[in-house]
Amino acid sequence: MTQTTSLSYTLVISGAPYTSQAPQSALAFARALVAAGHKLDRVFLYGDGVYLASCLTTPPSDELNWTQAWSEFLMETRTPAVACIASALRRGILDSAEQTRYEQPASNIAEPFEMAGLGDWVEATMSSSRILYFLPTD
Amino acid sequence: MLTLHIINKAPDHPRFSACLEALAENDALVLIENAVTALVFDKLPLPPCYALHPDVNARALSQSSMPGVKMIDYPGLVALTETHQRIVNW
Amino acid sequence: MNTLIVIDSLPYGDWRGREALDMAFSLAAFDRPVTLLFRSAGVNWLRPGQAADQLHQKSVERNLSAATVFGVSTLIADKAALRQYRLPSDQLPEAACETDLTPAFYQQFDSVVAL
Amino acid sequence: MLTLHIINKAPDHPRFSACLEALAENDALVLIENAVTALVFDKLPLPPCYALHPDVNARALSQSSMPGVKMIDYPGLVALTETHQRIVNW
Amino acid sequence: MNTLIVIDSLPYGDWRGREALDMAFSLAAFDRPVTLLFRSAGVNWLRPGQAADQLHQKSVERNLSAATVFGVSTLIADKAALRQYRLPSDQLPEAACETDLTPAFYQQFDSVVAL
Amino acid sequence: MTQTTSLSYTLVISGAPYTSQAPQSALAFARALVAAGHKLDRVFLYGDGVYLASCLTTPPSDELNWTQAWSEFLMETRTPAVACIASALRRGILDSAEQTRYEQPASNIAEPFEMAGLGDWVEATMSSSRILYFLPTD
């Protein structure tokens, strides 16, 4: 297919790695998107999707580590990725700033994910040409 | 505005019927993840649609294709999002 | 850019509806037009007299009563689901109205989001 | 063996009908969490059962009780697990 | 103490069925009698020819073929669900048999576990 | 109700805190169980239930912290609680032994939860008089 205009996308992931296929489908879509010459403005993790951002994810060595696969893709493509701070705090995903603020013993957010509010999502609804949601299975 | 509907829920999930009820004429429907089992689900009034091939293959449904169902891969899904300005995920 | 946020899961069983509500409130906070649709099992959010303290949860009924204050102009209830869950129209919150979920209904909105 | 069935799924979940089909005569059924909305769900062939009061109250269904449905609290649920040696969670 | 482990969700959409299968394998590893039931959408676990490599997942068909090796004696398929998902009996794995899910069926087992 | 014999229970939790009501219902049941004079042999977290064991869970101050509520109950009643190690590693829940083994930057299991294999569950099916499963909502 001939690419006429390049579009900009935001992908929202609201399903967790092992409770849904959302992080997997979103990554396959994101790769195809970039390969087609489009711009991926950002990835926004919401609800259970924030579990994807845990750097402590340790699957067996013969299974793909979805957090790591996403981290590598995001860094290669210099794509900003944020986890909704309200969803993340409830689910035990913290960066070092939140660790300090809430006096928690550790932080566990994987690079290059960052924390942000729903304002980032509102901004995306205005600025990206397309928003896709990768949702829970149930 | 032409709408692309993308559904990932199994055909017996309440959201599946809600999605079918929301389809306007000329809208496009794509089955992904668990929704691809709609290809074999009995008595479902499945309209013409697309099905994501990697998900169809994983679930061993590639022999089950029906008339009116087009197989697409991820580049094909990206192409559909180019031509549809409005996208609804179910 | 008018957004429809859909809640179609029961209250209290999980956090999905609450997080959808937060999306609606965020849009409203940035002065974006937003409408809330309670579809399928989601109509149970609209039932009066919820006593969630025994579950040590906050009442979603109370959260919802803040919707108009926060600028979420319209609450819409799925008419067929109201019947299915035997929720009479006269028990709905004042801000809520009923509708049939047709393709034309959804087409009023630039964007439709269901978690 | 007398069985206590405990279900937490909404009445439109596929597991709800699977549960009803598995009930033997004299088995006990308890509705908890989302399953308590079965008290108002239209056209459901709900057999005599128990419903967990805190979940019923949270969902504002205490006025919706039907003949054949007994309200119990957590101590009541514990008591049912004492008298039923076999428990199936749905 | 005969345990029935039930898988009633589709393969690949989530990890629930895999974790139920692990429970069955664990019981078998400790020489506890265990039977696997594929109910409702779970019958799709039994479809031949699954190619999950494109999803970067391991094939559950292959996991399942290890069941008898691990000592899970019987695989049972929900007859009504096989029809509902148009899965012909002659395509089922050799170790699998069909059944109608009646109260009497479940009563054969001391314990029934579905995640 | 007159208590004739005291029974022993194992509770399995396989639903996550914000994706299900399982940890909440299980705690209410556990309290009633102990109040009725029964013995709670153990709590076994499986599948998404392992997310309950994250010590980094940080809900807003006006919401109950289910991990903390469970931890307090477990310590008060000296009830053993374990997270299935296979479920936990995939979902980024680690104790210090697993942190060291997999060279991860932190551990995040809340006291008094410990890691164990499915063998503990098999043992429970043989030794407890009753096993109850607190399951996902969907």
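Order of writing sets the chain letters: A, B, C, D, E and F. Residues in each chain are counted from 1.
Methods note: a residue touches a chain if its C-beta (ideal position, glycine included) is under 8 Å from a C-beta of that chain, and two chains touch if they have at least 3 such contacts.
Just so it is clear, the model here is predicted, and its values are computed rather than measured.
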| item | value |
| --- | --- |
| Where chain A and chain B overlap in contact partners, by chain label | C, E |
| Dominant chain pairing [most C-beta pairs in contact] | A-F |
| Relative orientation of copies chain B and chain D, as a Cα rotation angle in degrees, nearest 5 | 180 |
| Inter-centroid spacing, chain F versus chain C (mean Cα positions, whole Å) | 33 |
| Averaged-CA centre spacing for the pair chain F and chain B, given as whole angstrom | 39 |
| Centroid distance [mean C-alpha coordinates] between chain F and chain E, Å | 26 |
| Distance between the centres, which are taken as Cα means, of chain D and chain B, whole angstrom | 35 |
| Residues of chain E touching at least two other chains | 12-13, 15-16, 40-41, 55, 57, 111, 113-114 |
| Multi-partner residues of chain F (each touching 2 or more other chains) | 18-19, 21, 47, 63, 86, 90, 131, 133, 135-138 |
| Multi-chain contact residues (two or more partners), chain D | 8, 10, 12, 14, 33-34, 54, 89-90 |
| Footprint of chain E on chain F - complex, ascending | 14, 46-47, 86-87, 90, 117-119, 121-122, 125-126, 131, 133, 135-136 |
| Contact footprint of chain F on chain D as seen in their complex | 6, 8-10, 13, 32-34, 54, 73-75, 77-79, 81-82, 85, 87, 89-90 |
| Contact set on chain E toward chain D in their complex | 8, 39-41, 101-104, 106-107, 110-114 |
| In the complex, chain E residues that touch chain F | 1, 3, 15-16, 19, 22-23, 26-27, 29-30, 32, 111, 113-115 |
| List of chain B residues in touch with chain E within their complex | 8, 10, 12, 33-34, 37, 40-42, 53-55, 57-64 |
